[in-house]
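Below: one structure in C-alpha cells.
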Amino acid sequence: MLSGLNTRQTLAIAFLVLWVTILWVPRSADALPAPLDFEAFDTPNDGGESLTIVFRPDLSVPERHYFIYMSPDPGGEFRQVAEVIPTAHAKANRRTPWWAGRWSADFTLYQIRSTDTLALENGRSYFLKLVVKEQKESSETEIHSAVPRANLFNFSLLNNFLLMSLFTGTVFLSIAYARKNPNLFLRRIAGLDAVEEAVGRATEMGKPILYLTGSDGMDSLSTIAATVILGEVAKKVARYDTTLKVPHRDPVVMAVCQEIVKEAYLAMGRPDAYKEDSNFFITLDQFSYTAAVDGIMLRERPAAILYMGFYYAESLLLAETGAGTGAIQIAGTDSDTQLPFFVTTCDYTLIGEELYAASAYLSREPVLVGTLRGQDLGKAFLLGVVVLGTLLATAGQVLQTDVFSYVLDLFRDFK
Amino acid sequence: MLFWKRQFPLFIAFVMGVVFIFQYYIPHPYSEGMLTEVSEWLRIISGFAIILGIASLSHLHYKKIQRKEPGWGYSYVVYLSMIITVVVGLWSGGKEEGSGLGWIYNYTLVPLQGTMFSILAFFVASAAYRAFRAKTKEATVLLIAGTIVMFGRVPLGEYLVSNIGGLAEWILNVPNTAARRAILIGISLGVIATSLKIIFGIERGYLGGKE
Amino acid sequence: MRSFAEKMLAIDRRWIFGLIALATLLPLLYPVGLPIRPSPQVKNVYEYIEGLPEGSVFLLSMDFDPASKPELYPMAVSILRHAFKKNLRMMGMTLWVTGTGMAEKVISDVAQEMGKQRGTDYVFLGFTPGSSAVILNMGQDLLATFPKDHYGMPTSELPVLKGVRSLRDVQYAVSLAAGSPGIETWYVYGKDKYKFELGGGCTAVAAPGIYPLLQTGQINGLIGGLRGAAEYETLLERKGKATSGMDAQSATHFMIILLILACNLFYFVTRRKDTRRR
Amino acid sequence: MEGFLGAWVAVGLTLFIYSFLYKDNPFFKLAEHLYVGVSMGYTIVRIYYDTMVKSLYQPMVSEGKWWLVIAALLGLLMLTRFIPKITWLSRWSFAFVVGFGSGVVIPRIISSYILQQVQGTLLPLASVGEGGFRFGLAQLNTVLILVGVVTVLFYFFFSIEHRGAIRGAARVGIYFLMISFGAGFGYTVMARMSLLIGRIDDLLLYSSSDYGYATIVLSILIILGLLYWERSSRKAVKKVDMP
C-alpha cells in the first residue's frame, strides 16, 4: 500500500504522524521548560521595601504565563504575589541607564513592592520562585532568596549629579577668573537700563515707584532674585530721594525686603530717609492682593512699576491696570506661562534668565559678573550637547546602531 | 557676637543648602522623611510669620485712619471684615461644612475670587488691542502667531477655515516648544548659579544689614 | 481720516470692555448654535446610552463642586435629559459633599422638566462619606450603603431600585468629576471589580490626565470641558448652556481678532500719512 | 434662606468688582477692602487650625514629635523683628528658609529644566524605514525645534557681544520667542473667556425670580449709585475750582 505513494506524500504522512505523536503523547509537568536565568535581588537605587526578579522568558509562546511566588521562609507556604507579563518589559528596560546596571532586552524584570496586603521588610530574607503555566501544565524554578534594603545613593541619578558638580566647578572657576579680570564684557539689557530712567522720572514727577517681588515665598529662587534687584533699585531710589512702595503677599519676604531696603539706604549714606513701612503686607490671598495692588495703582498713580519674580494668573490683572495709569512698566520673570502678558503690557520685559542676570548687570560686581560668565559657559556646553547629540541620534538611526545611546543616555532624565 | 549675627546665618544657609542638594540623590527613607519634615517646618515658620503680616496690615490701616488719609473709612471695612471672619471661623471651629465660615467662603471669597479672575477676559482684549500692532517685525510675528492660535481654538474658526486648528496646534507644538525649552534651560542655569551663590555665602543681600 | 484713526488707536479701554461684555452676554442670552463636530470620545458615551434598552439601570455620579459648575453642570443636564428620554432607571449620587446641593438641584430640575417621578423613575442617593469605600460598599450591597435616599425615603421600598442589589446590577455608570475622588476612583474600585461599563466627564484642565484611561479602554468615553458638553448637546439635538457657552467663546475670540485687525488698520492709516509727509 | 441671602451678597460683590472696569469708585473700594479683610481673616483661621493645631500642636503633644519645637523656635525668631535690639535673630530663620530653597531646587531643576528639555530635543533628524531614508514632516519639526532651541539660547548669551553670526542667530531666536509669546497669549484667551462666561452665567442664574431678581435689582442700584457718585464728585471738583 505504501508503495503507491510518492516521496512527497510519504513525507506528508510522516509529518502528520509526528504531529499527532507530539500532541497525543501525554507529557509530564517537567516537559514545560523552566524559565532561564531566574534571579531575585534587592531592587537597586531605591528606598527599600522592594525586590526585583529577572528571567529570560520564551516570547515565542504567547500563551505561557509567568507567576511569582514568595514566602518569608524557605520551607513555608509560597503565595502567589504577581503575574509577570513578559512583553511589558522592553519599555521598562529604558527606565534604567546603562551605568546603573541595565539588563539586556531579552530579560524580563519585575519589581515587587510593599503594599497594604504584602509587606516587605527591609533587612529580612524572602524566598521567591517563578512558576510557568501553559494551559494545565506548569513548572517552576529553584528557589532564590533576596533581602530588600534601603540604598544610600541612587545611581540612576549619577548624570544629574555629575552635571551639578560640573556646573558648580564652572561657576567657581568663572568667579575666580572674574576676580582677576574685573572688566568683563556684558551685553546690554534694555530693561535694566530703563530702571535708571524710571527712577529719574519718578523723582521728576514726585510720584512713588511701585515694586512687586512676585507671588512666591522666600524659598523660591525667583523671589530671591527679585529681592536682590530690589536692593539695587532701592540704592538708586535712596540716591534720588524718591519714594518706594513694596506691597507684599508673603510676610517672610516682607521682612527680608525690609532688611534689604534698609541696608541699601545705609549704603547710600541716607539712613535717615529710610521708612520701615515702604515694605508693607497686604494679604496672602492671590486675588485680594491683586485687587488691593490695582487699587494702589489707580489711587497713587506711581511713575514706575517694576514686576520682578514669579507670577501666576494675576500678572495681566496687575500689568494691564498699570499700563492704564501710564506708568513706565518694567517686568522680569521666569514664569514662562506669564511672559506673554508682560511682554504685551510692559515697556520692558526681562525674559527668563535675564531676571537672574539683573543683579550682576545693575551692580557690576566682579563676582556676580563672573557667575554670569559661568552661566554662559553652561549654556555653551548645553548648546553643544543639543547639536552634537542630535547628530549622534541621527547617526544612530542611519547606521541602525544603538552604540550612541551610551552617550545620549548621559543627557536623559532618569528617576 | 558678630559671629552669631553674620557668620552663623551663612552657616545655616550653607548646611541647609548642601544637605538638601544631596538629599535628592539619596533614596533612603530617612532622606525622604527629612524632606517632608522640613517642608512641614517651613509651613510652621510661615505660620508664625503671618503675625508679622497682621501687624503690618493693621499698622498700615491704623495710620490711614489716624491721619485721615483719603479713603480712610475703608480701613474700617478691612478691620471689621477681618475680625468678623476670624470670630465666625473660631465659632465654627475651623470647619467649613454647613458652618458660618463655609457661608463666608462660598458667598464672599468664591465669587470675589472668580470675578477678579474673570476680569482677565477684559484685560486680555484691551492688552491685545494695544500690543498686537505691526509696529516692528517682531511685533508682527507675535501678532500673527497669537491670532492664528486664537482663531484655531474655537468652533467658528474651524468652521471658517478647516485646517486652522491643526496650524494652531503646530505653532503650539513646534516653535513654541522650541522657545520654551530654551527659556527653561536658560532659567535653570540662572537658578543654579544663584542657588550656589547663596549656599556658599557669596550672595548675602537677603540677610540685610552688616550689624 | 487720520485723526479718526489716531483717536481710535488711543480709544478708551472701556469701549473694548463693553464690546467683550456684549460678545459674551448676547450669545448666552440668544444662542446661535454654531455647528460643533462631535468627537468620537463624546460620541461613545452618547451611543452607549442610546443603545441601552428601556429600564436599564443607569448611575450618574456628580463628583464636582460649584467651582467647576460652568463646565460640568451642562454635561449633567444633557446626560440626565438623555437618560430620561430613553426611560432608563436613573440613580444619581455624589462623592463630593460640597456638590450635594448642586447635584440635587440638577437632577430634580431635569426630572421635573421631563415629567419624571421621584422614586419610580429616578432616585437621588445623595452623599455619604468614604469616597472609594462608598464604591466598594455599593459593590457589595447598594441598599446597605444608602439605606435612605437624599430625602430620607428608605431605598428598599423605592420602585426604581427594584431588583437592584449592588453595582453589578448597573448597566452603565458615568462619573462627572472635577478631580479626586472621580473617574479614576470609579474605575479602580468600581468598574474593575464589578464589571459595569463606565464613562466619564471632566473639566478641560483635567482632560489630558484622563485621556490615558480612555486609550486603555478603562472608560468607554469621555466628555471634556465645555466643548465636550456642547458636543453632547449637539448629539442630543438639544442646545443648551454649553452650546451657548461655545458660541460666546467663538464670539469673544472673534471680537478680539476683529479688534486686532481694526487696530492694525488704524495703525497703518496713521503710518502711511507719516511717511508721506516726510 | 441662606442661599437666597448668599446669592444677593455674591451678586453684589461680583458687580462691585466689575464696576472697576468703569473706573475706580466707592463700590470697588468697598469690595476691595472687604476682600482683603475677609481673605486675611480666612487665612488666619486656616493657619490657626491647619498649621498651628494640626501640624504643630497635635503632633507635638499626642505623637511626641518634640523636634517640632525647633520649627516653632525658628518661627518665633521671625517675631524678633518687633524688638529692634534682637532683630538680627530673624536672620537665622531667613537663612533656614533660603538655604533650604536653594539646595532643594538645584538637582530638581537639572532634572526637569535641563535633562528633560535636552532629551526632548535629541531626536534623529532622519528616519530609516523600508524605502531608505525618510525626511518627513516629523523630521522637519525636529529640525525646527533644534534651530529654535539653539538660536534662543544664543539670545541669552550675556558675556559675548551680539555681533556677526551670533547677532544673526540671536535675531532668529527673538522671532522664536515672539511666536511663542503670541501663541501663549492666544492659547490662554480661551481659558480666560471660560471664566467670564462662567461668571456671567451665574449672574444670569441669579437674575431669575427664584433669587428675587438679584442681578437686575442690584445692577440698577449700582448704576444709579455710580451716577450719583459721578455727579456729586463733579460738584466737588467745581467747588475747588471756584476761587
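Annotations for the structure displayed:
In this document, chain identifiers A, B, C and D correspond to the written order of the chains, with residue numbering beginning at 1 in each.
The definition used in the following text is that a contact is a pair of C-beta atoms (placed from the backbone, for glycine too) under 8 Å apart; a residue touches a chain by one contact, two chains touch by 3 or more.
Here the structure is a predicted model, which is why all the values come from computation and not from measurement.
The two chains most heavily joined by C-beta contacts are B-D.
Spacing of chain B relative to chain C, judged by their CA centroids, is 30 angstrom.
Chain B has its Cα centroid 19 Å from the Cα centroid of chain A.
Distance between chain centres (mean CA atoms), chain A to chain C: 34 Å.
Contact with two or more other chains is made by residues 17, 20-21, 29, 31-33, 35-36, 38-40, 42-43, 78, 81, 91, 93-94, 97-98, 100-102, 104-107, 110, 114, 118, 121, 146, 149-150, 153, 156, 177, 180-182, 184-185, 188-190, 193, 196, 198, 202 of chain D. Each of residues 21, 24-25, 42, 45-46, 49-53, 57, 71, 106, 109-110, 112, 116-117, 119-122, 124, 126, 128, 130, 132, 142-143, 146-147, 150, 153-154, 180, 183-187, 191-192, 194-196, 198, 206-208 in chain B touches at least two other chains. Within chain A, contacts with two or more other chains are made by residues 157, 160-161, 164, 217-219, 221, 224, 251-252, 255-256, 258-259, 282-285, 287-288, 291, 299, 336, 339, 341, 343-344, 351-353, 357, 372, 375, 379, 382.
Taken as a graph of touching chains, this assembly has some other topology, since it is neither a line, a ring, a star nor fully connected. Across the complex, chain B is touched by residues 11, 13, 16-17, 19-21, 24, 34-37, 66-67, 97-98, 227, 230, 246, 249-257, 259-260, 263-264, 267-268 of chain C. Partner chain A is touched in their complex by these residues of chain B: 21, 24-32, 42, 45-46, 49-53, 56-57, 59-60, 63, 70-71, 109, 112-113, 116-117, 119-120, 123-124, 126-128, 130-132, 142, 180, 183-187, 189-198, 202-203, 205-210. Interface residues of chain C, counted against chain D in their complex, comprise 14, 17, 20, 24-25, 28-29, 69-71, 101, 204-205, 226, 241, 245, 248-249, 252-253, 256. The part of chain D that touches chain C in the complex is made up of residues 3, 21-22, 189-191, 193-194, 196-198, 200-202, 204.
Remark: chain A residues 157, 159-161, 163-164, 184-187, 189, 217-221, 224, 251-252, 255-256, 258-259, 282-285, 287-289, 291-292, 294-295, 298-299, 336-337, 339-341, 343-344, 351-354, 357, 361, 369, 372-373, 375-376, 379-380, 382-383, 385-387, 389-394, 396-398, 400, 408, 411-413 touch chain D in the complex.
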